[in-house]
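Structures incoming, each one as structure tokens.
Shared between the two complexes below is chain A, which has chain B as its partner in the first and chain C in the second.
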Partner chain A sequence: MKIIETLTNIDRRIIYLILLIVVLLPLLFPSVEKVRVMAPVEKLYYAIDTIPSEKAVIVDFDYEPQTAPELDPMGFAILRHVFERRIKLLVLSLYVQPLGLAQNALTQVTEEFNSVAKTNADSIIYGRDYVFLGWVPPPIIPILGMAESITSVYTVDYYGNQTDTLPLMQEVTNYNDVGLLVSLSGSDIPKWWVAYAQSRFGLPVGAGITAVSASEFYPYLQTGQFSGLLVGMKGGAEYEEMVERTLKIKVRRKASEALLSLTYAHLVMILFIVIGNIGYFAKRRKK
Partner chain B sequence: MNISSDPWIWISALMSLAIFSFLYRDNPFYRFAEHIFVGVANGWAVTFYWHNVLSPSLFDPLFRQGQVYYILPFVVGMLYFTRFIPRVSWLVRIPIGLYMGYYIGVSIPSTLQAYIIKQVQGTILTSQNFQTWNAGSMGVVWSVILLIGVMCTLAYFFFSREHKGALGIASRIGIIFVMVGFGAAFGYTVMARISLLIGRLQFLLGPWLGVIE
Partner chain C sequence: MKRTFPLILVFVFGILGIIPFFVPHPVVQNADGFLRNEFLRILVAFALVLGLGSLLKVHIDKIKRRRENWQYSWILIISFLISAIIGLFGGVRGTGILPTSIGSFQFDIWTIYWNVVMPLGSTMFALLAFFMASAAYRAFRARSTEATLLLAAAFVVMLGVLPLGDRISPHLPSFAQWIMDVPNVAGQRGILFGVALGALATALKIILGIERSWLGGGRE
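Up next, the complex of A and B:
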């Protein structure tokens, strides 16, 4: 009984320390295990992969630094996929804070492609292959307004260029020219795209979300309102796996490297929950 | 090991460690980092919204370009500040009413369609819904479980009659589904929080300490 007494009274700081160790060790020696790709991730991958050449994809970066570890890997992997397939790309944010993260992802991924490009056609060129639309408040305005004209809502892009002068924007005028919108968000935003852009204008929507909100979003996948769904760091790792496996793009896979830490941390949590429950029932029996 | 010489990386790393120090106990380092964060976030927000919203969308057109009709949104917006003058504070209802009226008008048809009608359609037992599970013939089973789950959970939240007889049985099954839902949500929460810790540790080990790539 003394063991149970001790185990149920472990100082929370010891639990934090154990958790830190099990998370830290696999990160010090990063390795990528084979990731099993689940159906919701495959669906999103193929939804992007099969976009007709005349249509564009919109990626909505709507996450902030506090959820970036979960959503950044998704954003990077999706950008690699889109650029590799040479799908026309528009990037935007409905809020201000994510703009820097979106710009960072675009800069890094375009550099990856341009550093190995041999010709102008191989390169990823701003205005021709992608446009960073930036941010227009409040969120409802771009969601509804882009159905009519994207350049009327975003008269200037993130860098201050007149959008109607950019070659890509001559080809992508409104939702009729968009094959899919992918919303990466730590909040309710993917549901807004479903409510306002999909139910009114029929825009297909895919989502990348944080794990904490997963159970809230799965119903929209089951009804077909989402064309695919990426959930948390695991979803990011699965998309990285798809990109590497099918497109043969070999880059650092931050989410996949973290999966071992995630697994060990979960095992520790389960262990502590079991110990806590054993202690609780043992104490109750004693009474 | 290749420690960063970038001062911004150092500031970011030290702030992260200061916040983490709260796990041991409340301390001045934690409070310092917390106050810095609140101050910086507010300062940044005010300047950002001034330069990107108020100035280009209202003040420049109105006062520099002479587009007088911008006076209307300007006056309506200023009515928000009447809250601070008790005698005319009722005027705040005008911008709030306009704002609410617009959003309710826009929201009701869309949210009803996306959040209610589509979800109800997804619960009905049809061959199309069986296929959405990507589970072959098991799709029927999952659809039936979903239907039972929805009906029983609704029964649990039906408070107009005492939970006895058939309603009692349904509500007891409903609570099982609710608990499974809570369990799944908690599991996902653990995953999310650990992911955030991993992200910060990857930053500390990578860009700051240079231990990993």
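Up next, the complex of A and C:
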């Protein structure tokens, strides 16, 4: 009887403590977990990889600090992929909060490339290879407005430069010059791109989302409205795997390192659910 | 007039918002572009001022009337004022109208973002894992056939999305993916249709003036 009581009434502080330990330890002693790349991630990777050279990719950084651990690795891996393939890149955010994270990702990845570049052509240069458009409120204005003219929506970029003076913006005028838009978000934003930019202007859209919101995005993947989908930490780790395997870019893989934490956390949750159910059935039988 | 004018405005702009999706004529598209790029931006700027004013008014009122948890309103007002002052004078990255740095420490939005917004936001979200683990242990019971199915699906998906799942069986990740792709999509699609039809009906009712609760409870 006492055992049953104990099984059904474990103090929540014990659960918290065990979870804390299993999450923290693998982060303190990181090791890379190998992952099998699933079809939705592969689709997005090749959607970016096969963008024609005259077209650009837009990466919409629309996640906030809360979801950055899950979505940051996706953003970093996509930027590495785009820069390595020398695809023209535009970066934007529909909200003001993600701007800092977008800038951080751009700064870090461009530094990675430029630190090993030997010539000007090898370097990633602002205005020539990429432009950080920044933020224009409300979201509906850039989503619809960029179909006509990107520079008239974003007259100045994040750094205050006139966008029509930047060399890259001479080549990318509107959605006709964009091969894919990837929306990284912890909310519904990827669906807005589908609803407004894709349905009306035919813009191909890919998405990177948090695991907790994943289920509501799968219908869009099945219909082909999403060119690919990255889900949570695992999606980020799979994209990192693709970037390392196909482009031979060896850098720290944050999502792959965090997978061990995630594994242990999931196992602990499963274990507690099982314990709770054993206690529940034992109690029911007793009655 | 107090109620009629907003109703006319909603009807006119509601219809103007729909037409460009169906009429590709340049006149319609240009008018739509003008409305969005010029008109809407000005409107949003006013809405922002109105929103901030309203937020302050609500919280000042709460403090005055000593409503439940009124103390927290002080935190909001103080944080609001500090952010506004730092934003106005320090700018985004020390580009404001006054030099606001002490040594290497800069009082600007960037500093607030990395030192306040980032850790607070991350902390709030990180707490979720602990609550979820505790709640799952207490509430996730195989009480019925449906609950047992849900539990089994949850275990498969939880294990399938991990590298461990692949080691247990190479079919497990594929099975987890199938659960997300087929039963999940079927359910989600049903919800989507329902939500879309509901939103459409509500939007039409608002545009046509049938639904008027958004006008508030004022007199004619």
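One rule holds in what follows: the second predicted complex is superposed on the first by the 286 of 287 C-alpha atoms of A that agree within 3 Å, B and C clash if a C-alpha of one lies under 4 Å from a C-alpha of the other, contacts with A are read in each partner's own complex, and residues count from 1 in each chain.
Everything that follows uses one rule, which is that contacts are C-beta pairs under 8 Å (C-beta built on N, C-alpha and C of every residue); 3 or more make two chains touch, one makes a residue touch a chain.
As the structure is a computational prediction, the values presented were derived from the model and not from experiment.
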| item | value |
| --- | --- |
| Chain B versus chain C as contact partner of A:G276, first or second or both or neither | second |
| Touched partner set for A:E64, first chain B, second chain C, both or neither | second |
| First, second, both or neither for A:A265, with chain B first and chain C second | both |
| Chain B versus chain C as contact partner of A:I10, first or second or both or neither | second |
| Touching partner for A:K254 - first (chain B), second (chain C), both, neither | first |
| Which of chain B and chain C A:V35 touches, first, second, both or neither | second |
| Touched partner set for A:Q198, first chain B, second chain C, both or neither | first |
| On chain A, positions contacted by chain B and by chain C | 16, 19-20, 23, 39, 66-69, 137, 140, 144, 200, 211, 214-215, 219, 221-222, 231-232, 234, 262, 265-266, 269 |
| Interface residues, chain C side, partner chain A - complex | 21, 29, 32-33, 36-37, 40-41, 44, 110, 113-114, 117-122, 124-125, 129-130, 132-134, 136-138, 140-143, 151, 155, 158-159, 161-164, 166, 170, 173, 177, 180-181, 184-185, 188-189, 191-192 |
| Sites on chain A touched by chain C in the complex | 10, 12, 15-16, 19-20, 23, 33-36, 38-39, 64-69, 97, 100, 137-138, 140-141, 144-145, 148, 152-153, 200, 211, 214-216, 218-219, 221-222, 231-232, 234, 259, 262-263, 265-270, 272-273, 275-277, 280-281 |
| Residue ranges of chain A in contact with chain B within the complex | 13, 16, 19-20, 23-24, 27-28, 30, 39, 66-70, 72, 96, 135, 137, 140, 144, 191, 194-196, 198-200, 210-215, 219, 221-225, 231-234, 252, 254, 257-258, 261-262, 265-266, 269 |
| Parts of chain B lying in touch with chain A, wherever the complex brings them together | 23-24, 45, 48-49, 52-53, 103, 106-107, 110-111, 113-115, 118-119, 121-122, 129, 132-134, 146, 181, 184-185, 188-202, 205, 211-213 |
